[in-house]
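Some structures are shown below for you to check.
What follows is chain A paired twice: with chain B in the first complex and chain C in the second.
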Partner chain A sequence: MSLLLDHISFKPTEEYHLNDISLRFDSGKMYTILGRTLSGKTTLLKTIAGLQTPDSGSINFEDTDFLSIPVWKRNVAMVYQQFINYPHLNVRDNIAFPLKQRKMDENLIEKEVKVAMEKVGLIGFESRKIQELSGGQQQRVALARSLAKKAKILLLDEPLVNLDYKLREGLREEFKKLFNVSDESNSILIYASTDPLEAMQLNGDIIVIDEGKILQTGTAKDVFENPATAKVAEITNDPAMNINKCLIQDNSLIMNDSVQIQIPDELKSVPNGKYLVGIRATDIFLDDQGFAFDVEISEISGSETFLHLRNKNLKCVATIEEVKTYNTNEVVKINFDKSKIYLFEESGELRHSPYQQ
Partner chain B sequence: MPKLYTFLKYFFVVLWACFVIAPFLWAISTSFKDFNSVTGGATYIPWLQFEPTLDGWSVLFKPGSQGGINIIGPYFNSIFVTLTASLISIVLGTLAAYALSRYTFKAGIVKNNDITFFFISQRIMPPVVLSIPFFIFLSSLGLLDSLAGLILVYIVLLMPIAVWIMVDFFNRVPREIDETALIDGCNPFQAFFKVVLPNSVPGMLVAGLFCIIFGWIDFFFAFILTFTKVQLLPVKIVALNSSITPWWSLSAAALVSVAPLIIVAFIVERYLSKGNLSGALK
Partner chain C sequence: MNFKHKYVFLLPGLIVLIGILIFPIIFTVRLSLSGWNSFNPGLDFIGLKNYIRLFTDDPRFWQSFFRLSFLAITTVFLQYIIGFALAHMVWKDIKFKRFFRVLFLIPMMTTPVIMTVIWRTFFHESLGPLNDFLSIFGVQPPWLSSPGLAKVSIIVVEVWQWTSFMFLLMLAGLLSLPKEPFLAAAVDGASPFKKFIYVTFPLMAPISIGAIIIRLIEASKIMDTVFVLTSGGPGTSTETSSFFIFIKGLREFQMGYAATASFTYLIIMIISLTIIVKVLTKVLMRE
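So, the complex of A and B:
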């Protein structure tokens, strides 16, 4: 069974929130919608859930017209970025709510709630009030409620984004396990995220969305190795892939008058002209023989340091594999890993990927 | 420094408490005085400085034939009118506020916020402006000098307060809670009654408190729209005033009329401090 979105558009104001979206979701599979904030992820999930009605297009699920079914009759579950629970109910009643709503047998509810609570590790918290739980626990309750429901479609809208780093890592691992288990139930799992790393880790099919438009769909490997456009390359990398204008002339790649590199062999067939060059932050390294750049900002993240660099009009971000403090305007010498250079047409389409055959 | 701060804090709290409590003590003391004790200079302590009497209190419960005003009838009228009008205002006001908070209304340039403002704008007018329209309105309905008429008018006065408070309250309740209820299988009515309403009790209590206060203390409309058959407490108390101001019975009446509000305020305050909605959002 599959969920089919056909030319869905939603334009409440001047701007499109969803722009002509056609997608196919197969049951038993997991999908990650990757996009920046306000790219239309939540709107897309709400449209699938039925909380929002698109202006045009159709949604088909199990051979029925999904748009003609109101939210409360669609068998979907959704976990929000905010920790949304019913504050007047305790943990057990929160999880049992959708089952009671379905008028399920009391004994069966008791059993299902217990299973769901075990899955998310909330045993012992049955009669706690929601207000007495930490953020992570509150989100577990929301998750347990959506699991207990055994919905055909499970929508997760950045469920981990409001949690602290450690909890996020822990829950993400559990998510993967939970989803593998729920595979048996053949439900469709759609996970929205702004974090490329998260999307790659979850290892489902990735749907890249920006300004309400689908830019690319494919496996994590596909999207990482062959981003369809420069925009996709920016969205699917953190820090965003460095995209700069460049000129290819006589076997050299000119980014500005002082930063020019010899192009690698596989790029020699590219005709001269203007292009966009893409280099991942991790493919830039310190090199005493390299190009001089000024440090604009340096930020330490875990065991790495992000350097925001500038050479005249040329800006880029480099990831340095060590923790070191750089002063603003300090001059560093860097070089680019030539074997990892991407080339995009001026309009944005991918021209060359280092992973291309 | 912290000591001085603590001292100042307590000093002002005590000062304010005196400021609030003193009139009550004064009223209690006065209600047990007779003519001579009131007019013969300031006295404070019963038995020591003046001989307490129950004259002030007994006037309130004696029938008119014995020179009293008998407030028991008007007292229950007031309670009945205030509670009924408040209850209806809260029920209708909560429903209206929920709709204004969650659904989008548009008629030309008029939008949700404007509608909310229309509600509260009724309170901007001085009551005297409404007195003649209300009088004509009630008289054409044959509801002058009746409890039903008063309740009708009080709903007009109280519902804006309920709507105003509840719109603000609902705007703070995350919309995602309603949405989750819908996703979990509630139709919009079930979502409202099973999820939104149980979490709105604190807001409704505050709105209710304000409605009861404003309904209870109204004198103007109770005075204009009733004559003999139906009387409310404030109007009856004013009837005490004659050529001599009876400070003792006025004090007793003041205490009796303020008592229900104090009780209601205590109950609501207790309930509110429990705080129920904090777990709704992160």
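So, the complex of A and C:
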């Protein structure tokens, strides 16, 4: 069974929120929609859930026209970025809510609620009021509610964004297990995220979306190694891949008049001309023989340091694998890992990837 | 700030409070223990005679009280249902939403006494437009001169006049509700009707209780409508507590006895409203 989106468009104002989206989701699989904020992720999930009606296009699930079915009759569960629960109900009743709507047997509800609560670790909180819980606990209530429902389609809209780091890591690990996404369970899990790292970790199929348009679909490895366009490369890397204009002339890659590198062998076949060069922040390293750049901003993140560098009109971000403080306008010398250079056409399409065979 | 005379600054407020609230209450209690009437004006002391008379020898007061309870509860119940329904209607995105919102508020903006005069004309047995219309079907109900129908007329006028207020409170309440639970409920499989029962209604419970209590307090003071529409008639069949007290005190000039009735009425109202709040909280908020 699969969920088919066919040419879905939604344009409430001048701008497209969803622009001609066609996708196929197979049951028993997990999908990650990766895109920046306002790229249309939430709109897409809401459209699948039925909270929003697209202007054109069709959605088909299990051979039925999904758009003709009102929200409450679609077998869908959704967890939102904000912790959405029923403020007037206690934890137990919150989780039981979707089951009660189905007029399930009371004893069965009791059992299902208990199972769901155990999974998310909320045992002992049954009669607590929602307002008495912490943010993490509130989100776990929402998760438990969607688990208990055992829906065919599970929509998770950045469910971990507002949680603390520890909890986020823990829950992410468990997602696949938690929602029992496997060939036997035949449910579809769609997970929206802004975080490329999260998307890679979840290891499902990745759908890259920007400005309401699907840019690329594929496995995590595929999208990471061979981004279809420069835009995809920016979205799927954190910090974003450094994309700069460059000129290829006589076997050298010219970024500006002082930053010029000899091109590696595999790029020798590329004809001279204007291109976009893409280098991951992690593929830039400190090198005393390298190019001089001014430090614009330096930020420490965990055990790494992000350096925002500048050489005249050329800007890039580098990840340094150590914690070190740099002063603004300090000069650092860096070099690029030539074997990891991406090349895009001026229009954005991928020309060369280091992982290409 | 720690100087001797700081409490002096509380005096203006305190004097006003004593002057308009505390003194009248104490004076009423004292008055209720006197036999002040038009033949014998003055604050003499007759002990609990008035209270004994009220509790043992005045069915008219109790009748008017139970009539008042009936009218207040019926009108507030109807106002709540209709007000909530109207508010719910214009809460959603419908055409001419703003127009309806203003339209439903118009009754509240009119002067109650004048509107009641118009209603009295409307209900007039032989000259009123209502009976003129009903005569097509061959009936001319005595709207204001039969004990039963007179109550119905009062209920109609009260509901017409004050549903707006309920509408306003309920609409404000609906607009202040968080949107998220409704999204969740839709996805969780609640049909629009169930969404109302399981989400809207319980979320509105605190506001509902507030609105009902405010209206109950207002409705139990009902006076102008009765005064203008029926003057308590026919007989005493639409006489309410406040109207009874008004007659005793300001028509028959039995000041002492009217004070007794007022004070008794006040105590009963405080007790019953407290109970009503408790019951409503239990029923509506399931606590």
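In the analysis below, the second predicted complex is superposed on the first by the 350 of 357 C-alpha atoms of A that agree within 3 Å, B and C clash if a C-alpha of one lies under 4 Å from a C-alpha of the other, contacts with A are read in each partner's own complex, and residues count from 1 in each chain.
Methods note: a contact is a pair of C-beta atoms (placed from the backbone, for glycine too) under 8 Å apart; a residue touches a chain by one contact, two chains touch by 3 or more.
These figures come from a predicted structure and were not determined experimentally.
With chain A as the common reference, the superposed partners chain B and chain C clash. Legend: residue contacts after superposition of the two complexes on their common chain; A:Ile263 is shown touching neither chain B nor chain C.
Of the two partner chains placed by the overlay, neither chain B nor chain C lies in contact with A:Ile48. Contacts of A:Val208 after superposition on the shared chain: neither chain B nor chain C is touched. Once the two complexes are overlaid on the shared chain, A:Ala318 sits clear of chain B and of chain C alike. In the superposition on chain A, A:Leu18 makes contact with neither chain B nor chain C.
Contacts of A:Gly135 after superposition: chain B is touched, whereas chain C is not reached. Between chain B and chain C, B touches the greater number of residues of chain A. When the two complexes are overlaid on their common chain A, residue A:Phe97 makes contact with chain B and with chain C alike. The clashing stretch of chain B relative to chain C, chosen from 165-173, 237-245 or 273-281, is 165-173 in the chain A superposition.
Within chain A, the residues touched by chain B in the first complex and by chain C in the second are 49-51, 70-73, 76-78, 80, 82, 84-88, 97-98, 101-102, 145, 149.
By the touch criterion stated above, chain B contacts chain A in their complex at residues 174, 176-177, 179-187, 190, 195, 198-199, 275-282. Residues 46, 49-51, 70-73, 76-78, 80, 82-88, 97-98, 101-102, 129-133, 135, 138, 145, 149, 162 of chain A touch chain B in their complex. The part of chain C that touches chain A in the complex is made up of residues 178, 180-181, 183-192, 194-195, 198-199, 202-203, 205, 285. Across the interface of their complex, chain C is touched by residues 49-51, 70-73, 76-78, 80, 82, 84-89, 97-98, 100-102, 142, 145, 149 of chain A.
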